[in-house]
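There are structures below to look over.
Both complexes below contain chain A, partnered by chain B and then by chain C.
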Partner chain A sequence: MKGTNRKKMSGRLTFFLFTLIPVILYTFFYVVSVINGVRYSFTDWDGMAQKFNFIGLKNYQTLFKNPYFWNSLKTTVLYSIMLVIGVIVTSLILSISLNSLKAFKTLTKSIYFVPAMIGGVTIALIWDQLYYRVLPVIGKALGIGWLSNSLLMTGKTALPAVVFVQVWQAVAMPTVIFIAGLQQIPDEQYESAKIDGATAFQRFRYVTLPYLLPTVTVNLVLTIKQGFTSFDFPYALTGGGPVRATEVIGILIYNDAFKNMRFSLANAEACVLFVIVALFSLTQLKLTSKGGTD
Partner chain B sequence: MKKAGKDERVWLVLRNIILLCGLILILFPLWLVLINSFKTLEEAGKNFFALPSRLNFDNYLELFANSNYWIFLRNSLKITVISITLILILVPSISYAIARNFNKKYYKTIYYYLLLGLFIPSQVVLLPVTKMMSKLNMLNHGGLILLYAAFSLTQGVFLFVNYIRGLPYEIEESAQIDGCSVFQTYVRIVLPLVKPMISTLLIMDVLWIWNDFMLPLLILNRTQEIWTLPLFQYNFKTEYSFNYTMAFTAYLLAMLPMLIIYCMGQKYIVKGLTAGSVKG
Partner chain C sequence: MKKKFAAVFCSALALTSTLCFGGTALADEPLKIEFFQQKGEEGPQKGYKAIIEKFNEENPDIEIEMNTVPDAGTVLTSRISSGDIPVIFSDFPTQTQFKQKVANGYVQDLSDQDFLKNVNESSLEMTKQEDGGYYALPYSRNYIGVYYNVQMFEDNGIEIPTTWEEFTAACDKLQEAGITPVGMHGKDPSRVGHLFQAATVAWAPNGVETIGKVVAGEATIEGDAEFQNVFEKMSTLLSYANEDALALSDTACYENFANGQYAMTITGSYAKGTIQSINSDLKIGIFPLPNDTYEDTKCLSGIDAAICVSAQASDEEKEAAYRFLAYLAETENAQTFCDYDGAPSCINGVVNDDEGIAPMVEMINAGQTHDWMASTINNNVTTDLYNVVQGFWADKDVEGVMKNMDASIAVTSAQ
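Presenting the complex of A and B:
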């Protein structure tokens, strides 16, 4: 009796010790940082000075009056919308195409997944060169005026051009996830639809799509978050330019914190992003859990 | 019936065109990087698209001689390997503790506490954590590794707890009746059972840490000797902006380790990553 009791105690202790280091690491580096970030957003700290004062909501007031902040919010939303449409539509088309492939299926699939292996910065830097050296050549050959300069250098085309590069990489994951979803659709469904004389489009609309819907949600969430917090691609491709045309909020925060010496203001900007992402995640959580019980 | 057949053919042709265009869009940029890495600037200037006149390894040799490529490669390797080891020790064990004690308040609380990270965009954490690391004198590899371990917990625990809770409890129970302690049960019974999730976590976090740019930019940008490969490449842009065939060589060398690993185990990598995202 005493032996089992001691064993139970030591078992409990083991479980507790399992949690100890991770919880300390997470609290010390993550949670404390989040709290500090929120705290700094109410101060006038430039990030360097020894002392700083609490100034209440002043940073937020400055922020909401700053047109650059609104511009970056608008850019971020636009960026995310383009990214989501680009990624979801492309990966949907690709997954259906790849899934129905008979010859060279494995090889083709592996090639389509290669971009997911390469770092965002590398991809961005490669495309920077391609925009500069390859596209203008093609533009000239075909007589397309707007291709004659690097797309990254003109205000109107820079944002779509940056998004395109991120789509180039971000499509790989959702495509594979969609394929996994497609493979769960029983073949009989297609067979019977075919016998009923359904066209290819009708089969997509009434057989494929309903089955894929849960997978669409997964991919949607993954991609939207990527869009809201994007940094690598615009930073390495344009640095936010030209004339702030690609200055997403991630870049605004970085520049304000480390280049413009407005550290506390940058923290306030990050907190606004925090609220947006949290609200979005909560809504999304509610929607999907609702969908789950139906 | 006949109409459906025609539909089918149109779709097949369309599909093949789409897939072909996609393949070109993926491979052509990488191809251009490869061929131009073997050219001199002059040769690339003459014709960017042509094959190199000969296999000229000058760019590679110069890069190895003049830049600290090997040091950056070693730094990236060191940081990735140590962080991953730490993560693979911490995440499964805490997840096991949580999953098997979910009825207890403490474990349930820390589970939701760790999941809070799902709602917080990285930017909120990155600025204050940089200041903190600088204050602690931890703007170095050790500091970066600890950050990776701390930041990996949210997603890792989320994946593992759900997975372990789906495993049958009976095997562990009988092991404990046979006299195994919790730790022995964990090592002998649970770890082998969660192998698929371990490979998922391994692949996800290796890709993240190896390719990460933001954290090294904030933590390691002081002195060149401690850079990782992504930092090296980014700074290459400013340093060698005129010599773009050299830059291509650098990009290629930075991609190469991951591409080699991918070629060796692409089946497992794709499978592992999908398992993680479908569960998440």
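Presenting the complex of A and C:
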């Protein structure tokens, strides 16, 4: 009895030793830097100086007084809302139609998954060219005023145009998750609903949707998080312009840190973002664990 | 079995790590010195490469290794802040960020070095730091100017304009001929900013100083006659430009210009190589953005990436670095660089034989220049002004933009 216990212990120790290097690396590169990041947000460090002073909450006070911070927060929220609506609606429609395919199901599914495998900046640069070279030609040919020039040019259209590009990519993942959810719905439910004379919409409303609800929540939270932390699409497409119209909080942080040399202020901004994203992550964890026990 | 495997694995790991760290210090190897170089363009890179190759050959005990990365300014900042300063690096000695680096003791004082005597005086003076010392070897000048398509100018019988009146007349003539006179790119606020800086220097002789006063709370832009002039002229300029200026990135604009869609484009010395690489047959010339009279025209010109030495390098490394800097400052080598780079050199005796940029060189040599705003005004303030001017490109509201500039400076200078 004792012998097996010891064996178990030494086995565990070996396993632990194997994880030691990743644990150390993770601690060093992640935990330590996060703690340092939070620490710097209470200082006046400019990113270069060897000495810096602790100034308490002053960075946060400056931040909350700064109209550009509120503007970027507003832009980020708007961005996330548009992203969520775009992604959830599109991926829901896409997954239902893909799921009802009779032939070439796997092939079609993989084609729709391709955008998820291309890097964000690459997609942004391709769409940048489309917005500049292709869409205005179409707009002029059809006589549509708002499409006759690049959509990224005016403050009103730039934000939706950037969101559209991210939706184009972000739809792939939720679609796959939705398809997995759809496949769990037993066929008998649809059959009996049909026998009872339910229309296609009623079948969706009363059979598909209730079964799909947990999946919707997961996708919802994932997409909101994606929206709040978005940086690559707006940065590569517009750089935050025109006139701060697409300056999401990620771009504000980057500019303050590396362009304006105010690292401590940028750290404070990042901490605020961290709190917001953490709240959403906790919600997601709660929701998914609940879904698991039900 | 498992234990054995783990033991072998661990000892293998330990062995490789000692091999990695222990194997570097071999005798008789040349001293490797990193040269962190900020210019991403092809011309200067080739120039430096040619000089480094020659230097390494003549100095077998030193090996200079050039390192150029994308987004070099950001990388250099983060390397410096983490204590990993390259022994030799290029930087912009007239900018406030550089002054921070000097104040923090990251950059070596070069005031006593003989090679600085080869630098022409006006360029050297620009790099003087607050303590009166010189911390960089200025190598070439940058500038913002009007690039023009020589063939188009000849076809339409247009001479290089030296005054604003001649400039608008040239634009009218081109427009009548069905050519878009000026290609402008405003998608990236920082590119709008470069034009804004050039315009301020050209059309508002005290403009940069006025902004400085506004930052200090001693003046306002609103009601300033010089800035009124700047934005009225800019509005005229925009009326001669392509409609989609705000949608255009710099490279797209250069492509269009190189392919003959515009007769002119306004950009910096940094664009020359790119434009020529798009269409190597294109004959281009560059002239300063003209003001009402030639005599009171100033062009925006600063010190391009100058060469600095880390103050935290070892004495041996510093000695090697000085030798390389002295080598760079020799007229013959600076000439090699200038031939590749194409920008006016800061080293005495170097001749720029590019006819196309002669009007630019003439003005710079005559001292009719003004440095970039970043030399006196905080980046934080200037980059937000870029956004404000980008807004002006969209609505062309002269009164509005001046009010917005005041508002912007009030926000950014308060932080």
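Keep in mind that, in the parts below, the second predicted complex is superposed on the first by the 269 of 294 C-alpha atoms of A that agree within 3 Å, B and C clash if a C-alpha of one lies under 4 Å from a C-alpha of the other, contacts with A are read in each partner's own complex, and residues count from 1 in each chain.
Note that in this section a residue touches a chain if its C-beta (ideal position, glycine included) is under 8 Å from a C-beta of that chain, and two chains touch if they have at least 3 such contacts.
Remember, predicted model here, so these are calculated numbers, not experimental data.
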Return first, second, both or neither, reflecting whether A:200 touches chain B, chain C, both chains, or no partner chain.
first
Touch test for A:223: chain B only (first), chain C only (second), both, or neither?
neither
Just to be sure I read the superposition right, which of the two partners does A:29 touch: chain B = first, chain C = second, or both, or neither?
first
Contact-wise, after the overlay, does A:47 reach chain B, chain C, both or neither (first, second, both, neither)?
both
Pick one for A:18: touches chain B only (first), chain C only (second), both, or neither.
both
Looking at A:95 after the superposition, I want to know if it touches chain B, chain C, both of them or none. Which is it: first, second, both, neither?
neither
Using the touch definition from the top, say if A:238 reaches chain B (first), chain C (second), both or neither.
second
Taking the superposition on A as described, I'd like to know which of chain B and chain C A:265 touches: first, second, both or neither.
second
Of chain B and chain C, which one touches more residues of chain A?
B
Applying the touch criterion given at the start, work out whether A:154 contacts chain B, chain C, both or neither, answering first, second, both or neither.
second
Chain B and chain C contact sites that coincide on chain A, given as residue numbers:
10-11, 14, 18, 47, 128, 263
Touching chain B in the complex: which residues of chain A?
7, 10-11, 14-16, 18-19, 21-23, 25-26, 28-34, 36-38, 40, 47, 93-94, 96-98, 100-101, 106, 108-122, 125-130, 133-134, 137, 168, 173, 176-177, 180-181, 194, 197-201, 215, 218, 222, 225, 228-229, 231-232, 236, 249-250, 253, 257, 263, 266-267, 269-271, 273-274, 277-278, 281-282
Flag every residue of chain A that touches chain C in the complex, lowest number first.
10-11, 14, 17-18, 46-50, 62, 66-68, 128, 131-132, 136, 149-150, 152-155, 238-244, 255, 258-263, 265
What residues of chain C sit close enough to touch chain A in their complex?
2-3, 6, 10, 73-74, 77-78, 80-81, 97, 100-101, 104-106, 186-190, 243-244, 246-249, 252, 378-380, 383-384, 387-388, 390-391, 394, 411, 415
What part of chain B is in contact with chain A in the complex they form?
1, 3-4, 7-8, 10-11, 15, 18-19, 22-23, 25-27, 29-30, 32-33, 48, 90-91, 93-94, 96-98, 100-101, 107, 110, 113-114, 116-125, 127-129, 131-132, 146-147, 149-151, 153-154, 157, 176, 181-183, 186, 207, 210-214, 229-230, 233-234, 236-237, 244, 247-248, 251, 254-255, 258-259, 261-262, 266-267, 269-270, 273-274, 277-278, 280
